[in-house]
Structures are given as structure tokens and as C-alpha cells.
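Here come two complexes built around chain A, the first alongside chain B, the second alongside chain C.
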Partner chain A sequence: MLKKRDYKAYIYLLPAFFLMAVFIMYPVISTFITSFKEGYRFLTDSFVRFSFENYTGILEDETFHRALINTTFIAFICVPFSMLTALIVALLLNSIKKLKGLFMTLFYLPQVTNIIAAGMVFALIFNNNFGLMNLFLGLFGVDPVQWISGVGIAASGELYNQSYMRCLFVLFVYSTWSGLSLKVVLFLGGLQNIRKDYYQVARLDGTSRWKTLKRITLPLLSPTTFYVFITAVITAFKAYSSVVALFTSTYGPAGDNTKMMITIVGYIIDSLGSYLTAGAVSTASAAAVILMTIIMILTALQFKVSKRWVHYK
Partner chain B sequence: MQVVFENVTKEFSSRGKTVKAVNGLSLSIKSGTLFGFLGPSGCGKSTSLFMISGIHDLTSGHILFDNKDVSNLAPEKRGVGMVFQNYALYPHLSVRENIEFPLVNSTILSKQLKRQAKELQIKFMDLVDSKVKEVAKVVEITEYLYRKPSELSGGQQQRVAIARALVKEPSILLLDEPLSNLDARLRVQTRDEIRRIQRETGITTVFVTHDQEEALNICDEIAILDNGTLQQVGQPQQVYDRPCNIFVAKFLGSFPINILNSSVKDGNVCIGTMKVGRTTAPDGGYRIGIRPENLLPDDDGNLRLTLTSGLRHGGIETVEGTTSDGQRVRFVKNPSMYDIRFGASISLRCKKDSLILFNDNGETMDQC
Partner chain C sequence: MKAKTLKIPSYMLLILAAFLVLIPFAWMLSTALKTESEALHVPPILFPEMPQFSNFITALSVAPFLNYFFNTIVVAFLVVVLSTVVTVLASFAFSWMEFPGKDVLFFIVLGSMMIPQEMLIITNFMTIAKLGWMNTYQALVLPYGVNAFNIFLLRQTMKQIPTDLFTASRIDGLSFFRFLRKVVLPICKPTVLTTMLLSLIWVWNTYAWPNLITTKDSLRMVSNGLSNAFTTNSGTIQYELQMSAATLVTIPLIILFVFLRRYIFVGIQSGGIKG
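Take a look at the complex of A and B:
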């Protein structure tokens, strides 16, 4: 039986629980059920029958394949690179005394910048005609690169692939930059949590800087690294606004109609957008369930693997 | 190895303010002895230790190891082992890995050992292993080698930290407040342990503490610092018995020394009207110090007190009384004495040579 003071605790939890139930639990369950409804019509709440059709449809859809590849690219290419960069920046910031505050502010700025605005700035930087990137490359005599351009790609598979690579590069630079700030701050916090006397001992022992980093700093930083990695991968799988900011809501350079740079969330939102069409909302639901499953499996995997390399005190 | 401080000064500056942590320190630490830096918080004792290790550089002056100036030598080249206040054991490594850390990871040391292993025709790691085992035996932690530091008690962690410092076979062992994180019983135990390890290895050991009892107990010599300035250096008993000033006199002693106002007239030391001793000091007002254990009950004694209160310290009892001019005096009650009635009078005499006269600057003028 519940004791009297337990009742009190549950009463206090009730408002939060109610909100969670309405806005999180119900939608999750509802999405899960909807994802199995074949030919679901949103306006009439009618469907043909329960089946796996939405899932098989998605898995055969080339646009979804693109979304999966692009999202994976952000999560497993951009995130590790961004983490490595953030770690190096944090290590450097941690070792300087003068101007530390200034640099920390500069590195944190992306975090307080609107992601769409920043994305549009990047789109301008990589503008084919008057972008800073081409201006910079021009200094070295490089001809302007058509960074975000889909001219003629419908006709030629080779041109399409070249255009895709360039767009991936732009996305790579942008994701690395925009994800850097929070990671730097987290790493810096983790580094400052490592006690000074560990380094003093290592110094007295004549441990080289590289070995100190490898055998002391990195292991002691591992809980932070793990946290950053998990949150960054989850964030990456939810990527949407970055591609819209860079490539507009057509998810691709002008002239592309294949949604070249779409992400999984982009795919879900696009499906939802045509909610009047039979099966669109249920397709979106199925895609959302797939996304959730991927994130859950990855997180579980990370926790399992982490036992081998994360050292909690 | 002998360690000599020559007029060493260390200044720290932050936000434009400069603080002298150590001011013109000159002293010599004899080879193979256990030496203690003693003083209140912020007196510069840890700073002195960190300067020996090389972690702090000197603002001015010199530090010599066996007559060789090491003031500008990098820490790793000084061959010192250090135990930090919080032990600084790497939490992610086992006890064994912690101890072998300097052997495996030190650029200089690992090279030396690899050469040595080649000469002996054994594997490098076997040599490391034998060294780890040897030192683990000395500090008696052999059975914990495969545990993580977090699975050890404070005293065990302390011994692991000492083992890690010793495994390098340093010429000097530095201990920064090694006992401050231990509970009272363990402190006494570990204190004796440090003494034993020092004797067994014969290594020059420098030890920092704010606990006077610790220092008096195990050190061959102690230096007392206050505000970055050396007050006195010498053998513990000698410093205790013959303090050079009132600060040292007050700082040492389990029972605080009595400090009384007195005057000297014609060679007689007087508290109020009571003549408690003879001195050669010129006439005038003095403060005198007398340790509670140096006051003995004696019916012919010149120091008369009205007893006011008593205090038990386990097996020992101290009693407080007031003189006729209202000064409070504490003395150690002799176990053979009868129970004391408060309000009664008692006559005491001072043990010979135990009355210390301080002038206005607090310096010792005479002892009688």
C-alpha cells in the first residue's frame, strides 16, 4: 500500500505527468498506431486496414534512402569531426590564460545565433557568383566553384553526383561549425573538472605532453566525451533546419527536383505537409517510428560500448 | 641528498597584487633525514615544498641539491617523488597501474629502465613489475594491487601515493600535508608508517604539516614558518623547549603555553607580587611563557593560584586557576594529586629553565 507521504509526492507529480501524457505519451502511442494504418485519411480518420504497407513503401522510396544517407552522414561524419575539432579547441582554450574569455565568447557565438539566419549566411558564403568562399579561392587562382548548383544535373548522373558531393561538403562545413560551440563549452567544463594535481604528478614524473593527454586527460574526460557524443548523434538524427537554411525547402540546389539533401525529419515534415493525400500522415508516422527506433538502438549500443571506455570516478 | 635553501623568495601575483608567500628563506635539510615544514595555513610551507619539486619556480634565491643549483631545473629532471595532499591517484587506473605510471610513462625513466632490462636480458614489463612489487611490499599494499583507488580507504590510498612516489627511486621524497585527510586514529598509524618507511629507505624526506604534534613526533628536524618567514629551525624537542619567540612558543604544544604579564626587578621575575624566578634580563615589563606541564605543585612554590576550572583530555587533566592579579594560568594535574576543589588555593613552582621571557617584540630574552 502507498504510505501517506507517497500520496503527496504523486500529487505533486500529477501536473507534470498530465502534460507528459497529453503531449508526449499520447502522441507517441498514436503515432505508433497510425503508422500501421493503410491508406489513412487524416480528415476523416478512416483507413483501409492495418498493415506494414507504410513501412514497405518508405523502405522502397528513393527519397527516404537519400534522407537516411544524408542523416547518417551528419551523424557519423560531421559529428565525430565536429567533436574532434571541439576537443582540440577546448584543449587549446584550456591551456591559455590571456584572452581566454574573448575566445570563449567567440566560440560560443554560434549557439546564440539563429540557425536559419546562420544557415543563410553560409548559403551566401558558398554562393556561386559572389560568395566569400569563391572569392577566397580566387586569391589562389582557383576558378569559381558551383558550390550549390543543380544546373544540368537532371540530364547527367555524373553531374548529379558532383553536385551532391559539393552540397555534402557545404553541409559538412556548416554542421561542424554550428555544432562546435556547445561541444567546446562542454569539453571545457569537463577539462576544468580534472584536478590540477594529476597534471602536477605527471609533470614531476616527466610524462610527455602527448602521454599526459592520452593516459590522463582523455580517460578522465571520457564521461564528458560520451555525453557529448550521445547528445550530438541524437541532435544529428533530428537535423532539419540546417538543410532548409542551406538548401531551401526543396532540399537541394536550384534545378534539383530529387530532394538531394533531405533528412529523415525533412521527409517526415514533407509527408505531413501533404496531409490531404491518403496515406501521407501514416507514412510520416511510420518514418517517425523508424527514426525513433534508430535513435533508441544507437543510444542503447552506445551505452553498451561505453562501459569499455568511459571511466566514471 | 642534502637540500639547501639560499635566501629563497617566492611571490605570487594576481590581478596586480603581489603576495610574498615565502620571504628570504635560508635553511639546510640534512641528507637522509625526515624534515618537517610546520606552520599555520598560508605560512608558505607548501610553497616551499613545491619549490623543491620545481612545480613552482623561484622569484629569487637558490635551491641546491648536494651543492648543485637546481633553481632553474625542470621538475622532471630533479628526481623528486611527491605525495600530494589529496594523493592525486589516477581514478581510472588500478593501484598497480598507478604505481607503474612513472616507470612506464616517464620519457627519461622508461628509457633508462629499457636499457637496464636489456642488460639484464629480461622483459621491460617484468622489470617494471618487480619494481612495483618491491615498493608495494615496503608500503604493505601488495594485496590491493588490482583494486581501483576508489575501493581503498584513505590510509591505503595514502600508501599507494607513497609507493608511486618511491617507485622512481627518487633522491628526495616530498609529502604535502600527507595526514590531513585521515581520521585521528589512522593519522597516528600512518604517521608511524611514514617514519618507518623513511627509516627503511633512508631517503631524504620533506614533509609539510600544520599539525605541530605530527611534526614533533616524527621529524628529525623541523622548520617553523609564519607569514612566509622562517621563525626557527632545529630538532623538535630543542625548538619546543627553547622557542626563539612567542609565536613559536604558542604554536607548539598540545596544551597551549601560558602567556603572562610580568615584570623584572633586580633580577627577580615577578607576576604581581609573586617572585617566580631569577633572570639576568634588565629590569622592565615582560611577557613570560610557561608550559602547563612545567608547573609543579609545591607547598613552597611561589606561584599561588585560586583554582577555577578543570578540563579532561582523556587520561590527562589540566586545571585552570587565577593569580592574585587576575591572570589565568593552566597547569597539568599530576596523577598523584588529590582531587581538586574549585575555589581552593594551590602553590606551584616552575621547573628549572622552563620560564621564558619575551620582550615587547615577542623575541625570547632569557630562559630561567
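Take a look at the complex of A and C:
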């Protein structure tokens, strides 16, 4: 390239960096600082003193514990399952030629579906009285299940846990459905990048399909697998709209006042919603810093692990 | 011979999977076309006896949905225009210009991809509130104006343009801007379209941010309108109307996607894997 210095470049970069400075960099710094302000008042921009009060407050807050557990559930139970499903679908897609485009289009539909709309449909499918799920179970003689129900949960811990498990199951089904699209496309892209001659050699050697999958496909696909895992776990940690759509903005079935299904982002937005209360914005900030730390650690960890055992071409 | 016999189970499994994926869409549409008593029938009815297409009209009158659509289209249009200009300029600088601090600045762009949007919401909310921009279009548009992933994606594509083209255009005395317009943009059109589509889908489905900064019904976007008008918090739900509205919100993007899916798939697949 020409050795010239093109100072005009800064003009080209100005719009991007101006917007990034205002809407990304400044917020990161400001959120970090605010998270240490005790009893921060948004209206007067005043606070008591700098302390860890917001963090200790959050770590003792049962609602935040719930948010953490639910988010972890999505990230480490729902994600691996939908990855496995997506991998199988992608392998099947990779083995066919006819109708491949049609299938890919169909499998991608959940991704372009409005999250709120999709959540509402799932809430209706799992409706206790007129939902499709209970109709389906009825075919096998199963009595209607109260999927999203808060009846009696305030008084009975057992009922609460039962209701919670069922809500988790609903979330699990929804997550698998909505998470499939992107993963299928990514896995398929990865599979198509594997050089065909490996397979030709394997066929000449008479290697069984299972062995070919285990020895060639999966190892060569591992960079994709890791990329999918990283992005999916990060997306999972940001879960919010889906939970609102499934369980309304009270984050639980009607009759629940513990915000049973809240997520970390839900916790941030909930705190922010009462921004006129002293300490609400700083609590939200502390939760956001925790979220960001988790995401950064995960990213770093996964990159480190991936360097060790991921097979690079 | 062997390959052929293996394909039938593949197709059967794929059809089963596709069927499962499509169930929610089928249930949405079927419920949207039911009468109120059919929607509330226990046990549920699979298909309505007489499709009630009038439900779509009724749903539009429950909440100012046409207004939500208009807002979403305006915001989506402005975001796509703004972020495309910003993305094209920045990725051009990163791929074809030499200047001090280039690596550092690019590292910042990459780093900002890791920062969750949800972390920014708090300060951006306060910034907007302090500027007195609550319930304005600029508050809905500006924070979406820069997208690090799009810059990254487009830069990758621009870098693949042969250097000869650049040298030739410099010898011809083309300015950077003309080189960008006459040579780079025509070549990168598919990727630019990809970034536009990804921004559009993002805006259409965005929920948390607009929900925070719009309190007036007249400025709501489709996701917020949908969730506001049709959840238990707003009273009893009329499921057939809720599903009609959900269908109306879903269909425009599906149509767009079906026609332009090629660009979306290529964009997603080239974004990630670099061995």
C-alpha cells in the first residue's frame, strides 16, 4: 500500500467514533463509576459516598439470585441442547442437495420473528386451558398441566417449586426453538468449509460414517462450534424480551410476586424503571457491571480453552 | 447406492424438525383466524370453522397499530441510512487508508463488540433524559447509529478488493471519496445490503430501549405496542386479536427475509469463522 499518511481518514472515522464515544464509551465508564455511588439520586445527581454498597446489596438480593440462576439456566442448559439440535439439523442439511434452500429458509424463520410475538405464541401454546401443548399431551391420556400458573404458590413452597420447574420448561422449549436458526446457519457454513477431499479419502479407505463424523467432521468443525457456543452464551446472558413476552413484565405467572423468571437484564431494567428512587440507578449500574464482567470472563475463558483443544485448519 | 438409501431418513428427520419449528407459526395463524368462542374453547380447536379475516382489522383498532408500524418504519429507515453511512465511511478508512493510531482505533471497534447493549442502556437513558429527548425520534435512532459488527463485516469485504484497482484509481487521480463511490461501493454492494438488512431486523424486533424512552403511545414501535396492548397487565386478553396483531407484526419481516435471505446467510456466515 502507498506509504502516504491519509489524515483524511479521521474525517471518515469521525461519525462512527463520535457515536461510539457518546453511546458506548462514555456509558461504560459512567456506569462503572455510578455503580460505586451509594444512594445515588438521579434527579439531583447526588450521592452519599463511594462504596461497595450497591454490590453487596445486589449480592444479598434474592431477586438477583433468581436472575442469576435463570440466566445461567438459559446459558448452560438451553444453549447446549439447542446447539446439539442445530448440529444434527445442520449435518442432515449438509447431506442433502434437493430442497436444502427451502429447509434453510424454514429453519431460519424463528430468527426473523419478532421476539414479543413469538413469546406470546408460546405463552398461548402452553396456556393451561386452551393451549396446544395440553391438547397434545391429552392424546396420550395426560391430564392438562398447569404450565404457567401461580395458584397457591405464595403459601406452599412445594407448589412454588413445581410452578417454577414448569416455567423453566416453557422457557427451555422456547429457547430451543428460537436459538435453532442462527446455529443451524453457522454450523452449515462451518460444514461447507470443510474440504471435500478429506471425505473422499475417508470413503476410499472405507471408513464408516460414524467414524468419519467423529474423526473428521467434528474436529474440523470445532472452531465453528466454539464460535457458536460463545455467541450463544453471550446472547443467553442478555435474555430479556423473551422472558417478558412469555411471563409478562412481572416475570412470572399471575399470582407470583417473587419475579420467579427474572433475568439479569430484567433486573437491570426493573431497577432502572424506578429511577427516581434513591439508589435505583446505581443498583442497576452495579448489576450491569456484574453482567459485563461475566460476559468478559466467559469470552476470555472460552478463547483460552478453544486455543488448547480446538482444531485449526 | 449407499448414499441414496441414507437420504430418505435424512429427509424424514428434516421434515419432522421443520414441522416442529413451524408449529408456533401455524398456531399463531390458526388462532388469529378464530372467533372469540373458538379461541377460548376447551379443549382447543385446531382450525377455525370459518376463518375470521376481520380479526386483523379489529386488532388494528384495539391499539393504534398503524401508528406503531409508521413509527417503526420511520425509525428503521433512519437507522439504516445513518448506520450505513457511518459503517461505509469507517470501514473504508480501516481497509484502504493509512494513518497513525489505526490499529488502536480498530481495536476499540472490535472491543466495543463485546460490550453488551444492555450495559449501555442505563447511561444512555440518563443522557436522553437530560437532553430532554424522551419521546423523540432522535432518541430511538441515534444510539443505533453505530454498529461495530457491521464495520467489522464490511471492512473484511473491502479488504478483499485487489490493490491494483486502488493503485490504478490513484494514478487516474481519483480522490478517496470517488474511489469509494465508483469502485468500492459497487463491488461491496451485497455486503452493504447485508448490514442494512441486519440493522433493519434489529430495529424491527428491538424492545427494551424503545420501551424505556417512549412513554407516549404515539411514539411506540411495533414490539412495544404489541406487548402493551395485548398482555394480561392490560386486562383480559382476546387471544384471537393478540395473535392477529402478532401475525401482522411478524409477516413484513418474513416476506423481506424470504426475498433477501441470500444476503443474510452470507453475512452471518462470513461474520464469524476465521479459523
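Here is the rule we use: the second predicted complex is superposed on the first by the 304 of 313 C-alpha atoms of A that agree within 3 Å, B and C clash if a C-alpha of one lies under 4 Å from a C-alpha of the other, contacts with A are read in each partner's own complex, and residues count from 1 in each chain.
Heads up, the rule we're going with is that a residue touches a chain if its C-beta (ideal position, glycine included) is under 8 Å from a C-beta of that chain, and two chains touch if they have at least 3 such contacts.
Treat the numbers as computed from the prediction; the structure is a model and nothing was measured.
Taken together in the superposed arrangement on chain A, chain B and chain C fit without clashing.
Legend: residue contacts after superposition of the two complexes on their common chain; A:T56 is shown touching neither chain B nor chain C.
With both complexes placed on chain A, chain A has more residues touched by C than by the other of chain B and chain C. Once the two complexes are overlaid on the shared chain, A:D197 sits against chain B while remaining clear of chain C. Contacts of A:S274 after superposition on the shared chain: neither chain B nor chain C is touched. With both structures placed on the common chain, the touch criterion links A:N257 to neither chain B nor chain C.
Of the two partner chains, chain C is the only one that A:L13 touches; chain B does not reach it. Of the two partner chains, chain B is the only one touched by A:D205; chain C is not. Between chain B and chain C in the chain A overlay, the least Cα distance found is 9 Å. In the three-chain superposition model, chain A touches both chain B and chain C at residues 313. Those residues of chain A whose C-beta lies close enough to touch chain C in the complex are 1-10, 12-13, 15-17, 19-20, 22-28, 30-31, 34, 42, 85, 88-89, 92-93, 95-96, 99, 103-110, 112-118, 120-122, 124-125, 127, 129-132, 134-135, 138, 177, 180, 182, 185-186, 188-190, 193, 209, 223-224, 227, 231, 234, 237-238, 240-241, 244-245, 248-250, 254, 265, 268-269, 272-273, 275, 281, 284-285, 288-289, 291-292, 295-296, 299, 312-313.
Against chain A, in their complex, chain B makes its touches with residues 53-55, 75-77, 80-82, 84-86, 88, 90-92, 101-102, 105-109, 150, 164, 168. By the touch rule above, chain C contacts chain A in their complex via residues 6-7, 10-11, 13-14, 17-18, 20-25, 27-28, 31, 39-44, 46, 85-87, 89-90, 92-94, 97-100, 102, 105, 108-109, 112, 114-127, 142-143, 145-146, 148, 151, 163, 166-167, 170, 176, 201, 204-205, 207-208, 212, 222-223, 226-227, 230-233, 239, 242-243, 245-247, 249-250, 253-254, 256-258, 261, 264-265, 268-269, 272-273, 275. Against chain B, the residues of chain A that register as touching in their complex are 195, 197-198, 200-208, 211, 215-216, 219-220, 222, 311, 313.
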